[in-house]
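Each chain carries a letter (A, B, C and D) given by its place in the written order, and its residues are counted from 1.
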Amino acid sequence: MRPIIPDYLAEALGDVEPDASGEPAAYIPELAAADPERLAAAFATVDGRVYGAGDVDVPFTIQSISKPFVYALALADRGFDPVLARVGVEPSGEAFNEISLESGSGRPLNPMINAGAITVHSLVGPERCAPADRVERVIRGLSAFAGRQLTVDRQVYASEMATAHRNLAIAHMLRSHDMLTEDARTVVEGYTEQCSVLVTTRDLALMAATLANRGVNPLSGETVVSETVVRQVLSVMFSCGMYDAAGDWATQVGIPAKSGVAGGLIGTLPGRIGIATFSPRLDRHGNSVRGVSLFERFSSDMGLHVMDVPSAGQAVVRSNHVLGSGTDALRVLELQGGIDFAGAERVVRAALETAPPEARVAVDLTRVHAIDDVARRMVLEVARRLTLDGQEVYLVDPETMLPDPDPGEGGRVTVVRTVEEAAPTPS
Amino acid sequence: MRPIIPDYLAEALGDVEPDASGEPAAYIPELAAADPERLAAAFATVDGRVYGAGDVDVPFTIQSISKPFVYALALADRGFDPVLARVGVEPSGEAFNEISLESGSGRPLNPMINAGAITVHSLVGPERCAPADRVERVIRGLSAFAGRQLTVDRQVYASEMATAHRNLAIAHMLRSHDMLTEDARTVVEGYTEQCSVLVTTRDLALMAATLANRGVNPLSGETVVSETVVRQVLSVMFSCGMYDAAGDWATQVGIPAKSGVAGGLIGTLPGRIGIATFSPRLDRHGNSVRGVSLFERFSSDMGLHVMDVPSAGQAVVRSNHVLGSGTDALRVLELQGGIDFAGAERVVRAALETAPPEARVAVDLTRVHAIDDVARRMVLEVARRLTLDGQEVYLVDPETMLPDPDPGEGGRVTVVRTVEEAAPTPS
Amino acid sequence: MRPIIPDYLAEALGDVEPDASGEPAAYIPELAAADPERLAAAFATVDGRVYGAGDVDVPFTIQSISKPFVYALALADRGFDPVLARVGVEPSGEAFNEISLESGSGRPLNPMINAGAITVHSLVGPERCAPADRVERVIRGLSAFAGRQLTVDRQVYASEMATAHRNLAIAHMLRSHDMLTEDARTVVEGYTEQCSVLVTTRDLALMAATLANRGVNPLSGETVVSETVVRQVLSVMFSCGMYDAAGDWATQVGIPAKSGVAGGLIGTLPGRIGIATFSPRLDRHGNSVRGVSLFERFSSDMGLHVMDVPSAGQAVVRSNHVLGSGTDALRVLELQGGIDFAGAERVVRAALETAPPEARVAVDLTRVHAIDDVARRMVLEVARRLTLDGQEVYLVDPETMLPDPDPGEGGRVTVVRTVEEAAPTPS
Amino acid sequence: MRPIIPDYLAEALGDVEPDASGEPAAYIPELAAADPERLAAAFATVDGRVYGAGDVDVPFTIQSISKPFVYALALADRGFDPVLARVGVEPSGEAFNEISLESGSGRPLNPMINAGAITVHSLVGPERCAPADRVERVIRGLSAFAGRQLTVDRQVYASEMATAHRNLAIAHMLRSHDMLTEDARTVVEGYTEQCSVLVTTRDLALMAATLANRGVNPLSGETVVSETVVRQVLSVMFSCGMYDAAGDWATQVGIPAKSGVAGGLIGTLPGRIGIATFSPRLDRHGNSVRGVSLFERFSSDMGLHVMDVPSAGQAVVRSNHVLGSGTDALRVLELQGGIDFAGAERVVRAALETAPPEARVAVDLTRVHAIDDVARRMVLEVARRLTLDGQEVYLVDPETMLPDPDPGEGGRVTVVRTVEEAAPTPS
């Protein structure tokens, strides 16, 4: 039987293939020489499955796609405050190579423009890290995101350094504002190595999936960065990742994303999937022409826009009924699905505000497959308040969705495995 | 029994109450005279339940919070293209009253700054709409979002018009670029009426919930705008709603939001909840000081950040087992929860790639409570391909999650209500 | 006999006539309808002689050429400080209709851009002047510069007001910064009347000559504004008069100048001449194409560049010789020409530093035709110091170049009409 | 006897001495260590006389005052077009170290800001000049302006290079726009050497006087640059020399000037004088506080403002009378002083338009001490036209003010040494 998702990807590639508009990045000789016909797309799931079509194993340089990942490394290595003190999080509405420093402080507006990314590079590793050690840390970190050892393309590196005038200008300007505290040229060299790391479309999909998977590489299981770092990185990607086309992207595609001048493009759906595409011809914003088309299609076909209202609201409270009667009567709240704040609100409403007159109440979690922290606390608070009102509370939790269910301050629950255990004995 | 959510809201208000920093908007005399101690917060669920604490029924003027809603009305009335031709979607990184027009065209950068909002106001209603009719349409539209008839505060309106110098400047500038095609002063008058509409915190929460509920007012059931319009509005709110603090907000709070100078602040979690707060003292960005604190708390307490990875990945495939044996054997894929693209990918994998040798396969949707369009198509495609491979496919769908299940092109499924109906007869 | 200067002007017009590049101002319908072939040039001397060629008596609207003159009126009516508090003197390097306000204060950068000129208009006449009175004062003032009663072209006025969107935008913005303290629209109406005043090329040459003549109209003899005001106006014209082409003009033409969108262009050489040209087609900076060519030619042909070193340094000290001998000997310093600071320095050097041993010294002013204030004081100081050193000083001053020659503090001079009167009697 | 001008200078220094406001340049360690109390002023005449007071022989680094002189050298070495193609002449209204490049081309706005000056440095000497040779050419050129061999302060040079981050940023940015075509760091090193040249206040006064003297050093007599170059340099100094205070300076002082961060300040009055002051404490624009005060005083005391109307117009036509009568009658036009275009216009008027009926006309230049080119041509044209009208023309020119007086095309003049030679013989 033919596979469904690769078929879909192949079809999508076929549709965009004829579009030969745009040009490969011209300002770096090595990139200008790239084969402009290369085309690939890959999806990586949060449990490490990769689907690909086209040139998914052709290596190219990561370029600006390294920015969100190295931002993540800097946040992890130094903490939020020192990094935020040097690099802001505001969209610049400008091209990638604009200087875009805050007037006065000279702080780069965000880590997705070169000024910010160069500063971020200097913040990876421990303070007073030797430049070579820092580059090694960067490459090691990028490799951890990808789940395999990555290497630097020395020819592209040399080619970029030979024409790195603007990045050198930016770095010296940052140095003049003390946003960089090291030798400007050395930092640009390190940053250029970072940009020259070779990746495949498959690697990029897995790197994106590592972000989607809360910072844990789905293949290696390594926690590369924390969940808090991931949230920061995705937020910044969403508003600043596509340069001066950020607003178009946010409205039309709606996926936190990042592009690179070698033609790569990644997107991350938190908790769901990492996506990568590769096609070297760029539009006037510096984003891959066919890559943008592919993402527009993926977003539309698969409902990936982060502002899409998820599918029809789940009925968290599957049923609310009474077993037995008289003083033995048991009110059963049968819950289902995944429960977050909004779901827990329904439980609260069902449990408390309909004011069950029965003295015994069972909350049945048998059909619940996930419950987040706030929902957990709300359900326990329901139990506590029912207890305080003199009611007896049962938690039907055969799969231990609520481990250690202590409602606190006078609350009390009895955990059972089936509703029957709590149900009134038919007399 | 005391209610949980109002308790939570009251506690949150109590925590921020002592913060007397910031100042009410000074540039509009009527607003400067507002009682700066007012404080309220409200949640509205997508099924219309409103929880509130504090001064939730005190009326104040909607001001800039009208912007996303009137943007929605313009998109609904004129369609996307004519509106996008006049107002962009790029973050400006500037204060609300900066002119921020694209150089050359004079197109305002986005609809959340005054230049954009004034232009948007002129795009509500049919072309060549009389100004008074347009204002009526705007008030009617805002009322539909709120679910009750709203009115204009004539005193605030007069006070604002008397000091509307900057908005008049902006409107004349827009007129000079033909972004406005009507009398500049008349448009500013209409826009100022729009800003002077009186709302309560409760109203704002319901308005936000209407966006969260795909444009359908949870109380009235009226479809105010389409789902596509809502997505556009929320995307723009996310990147442009908090002016020059947009990046801070996106990283720290992560909720599409909009503030008004009278002290209101709303946030929308698609599919989940509408939130509103009210406290007149503003920070230097023009956002309510205590409102921002409340949202930071709500986001953190309740996991509302849109870039948060949702709670532990749901095991969509609850079980994958075989009933019976021999040629009668039935492979059962028991699914559960809500199924989107990422979930359907697991189904595909379970169903196809483990290549069930059994000739009969049942996909059990009994525990599925939601399935989106792409997932529906993927499940049917699984069925189709299994059919083509010669397998017999059953869909166990007692609650008709998949109405009209036609896999197309040679596919075929038998819908049953229980697994037992498909199960091999125990011989 | 044919006249020399009109011949020169006619020849110059003939040379530029074929240049049909540029376009008449398009944004004001009445101006767009002007006959683009009109061409005129005129010189007016500081004693009121006007030379002209071409359409020197064709009326057109003064437009921005009113700016320096109305700036002069405001400085005269209100004094420097109140005007400088509202309008700066810094070049903006921007087009005439850019807003160009100082960030923060909202003060227009200079009075030659529209924002500055609109503010300046509001500063003419006494404080709290009624708008109609102010317009009358402006027209009366412009008429005084021209030496005849000027009038407003009502059709151009109406046409400009109908499309005055940008000026209205600017005025409302100024109002929002309290740079204007009156109704924005009323000020724009007044300013537009000012711009709609009808002048001929002859008028403009006389207006420029009034500036060249220290503010005194050469024909009427009326002192329109003071010399201090003229200096301020010419300085600002020099650096800001030609908008974003100011630097090109300053280097290539080097004459304080001002252009108008109706095609007029004036230049003023302090103490020497006023020049005006008229040709409606404008370059991309909004300056008359053929007007700019004519001024480049005039500047080059006639050595009018203010940074040109004047012709070969004048030998102020014509001779330094001794008449007679012995104790009667008279040292005679024969001066000539016009004497300013630099000239007086030569006198000082000749008189004192060569340390005349003769006891009697005559300073012969017979051939001096002008001496400025600092030079007068220096010559008298020479006399005083010679006196203090015990020398006897004669001033040969038949035409009373030094009226009331009191050297002060112990100095003393004897004024005579010829050297002979002081010369030693031949024994 | 005590000297007048040094007395004046000493008094001026005494008046500004108590002003201890401002701070020495802090960003270059060596400059921050300068003695802030140093104070000097010097005047240099166009014939090489230097008057000084205070620390006129204390050496300090020339810094930005080198900019106009090196601009002059580049214009001389490469011609106008190649230099203008790389550096504009428009005022930037910005601080000295702003990048201020034209958008698109990346051309620095003017040669007085660092971006322009760095580019200009690279344009000195022949194309493909070795960097060391270029620096030598720059030092040799500056020395020629000063009239003595200048040297580089190696300690200041090293100190500046150690903190030259911003200039390096600017140079790399210029390199990225191909405004620089050489290694960015090497050019900054050369430029920094240029800025580190040691000068005294006396040197600076002489350098300014070389500009005042049409490019000829008054002491050495060496023509350092041409008159055309000087005019360009002075024009640019006038509008761009004082950074963002250019407009204030142009209106209040009105002298082409240039300041340096070491505390130097120069001004040039074309044809008249060079002025220099030295005092290290700087205002917020980077200009010497006491230097600015001194120039304001000099300008006001001595009438040095270039927009001042020169002293009372000279009666160029001293007399217009007839000697003798009948056919022998001779009309004598006795001229005096220096004659430029405006003066010649009076001659034209007297000679032609009063239409002398006498058949013989003498133009008496005995009292004329200067006549510029256009005036010479106009006087000869008068002679030509009188000839054509049948009149006989005499030029009384004992000092050969009009060498080779050929009126051309049918004109004819008889040159005589005294009026008497042309006068009718008394019968």
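In this text, a contact is a pair of C-beta atoms (placed from the backbone, for glycine too) under 8 Å apart; a residue touches a chain by one contact, two chains touch by 3 or more.
It should be emphasised that the depicted structure is a prediction, and the values quoted were computed from it without experimental measurement.
Shared contact partners of chain B and chain C are absent.
Averaging Cα coordinates per chain places chain A and chain C 68 Å apart. Our note on geometry: chain C versus chain D, Cα centroid distance of 20 Å, whole angstroms. Chain contacts: chain D has no residue touching two or more partner chains. All chain pairs that touch, listed by label, are A-B, A-D, B-C, C-D.
Against chain D, in their complex, chain C makes its touches with residues 1-5, 43, 45-47, 49, 88-93, 109-110, 212-214, 227, 230-232, 234-236, 238-240, 244, 246-248, 250-251, 254, 256, 269-273, 301-315, 318, 336-338, 340-342, 345-346, 348-349, 352-353, 355, 367, 369-374, 378, 381-382, 385-386, 388-389. Residue ranges of chain C in contact with chain B, taken from their complex: 165-166, 168-173, 175-176, 184.
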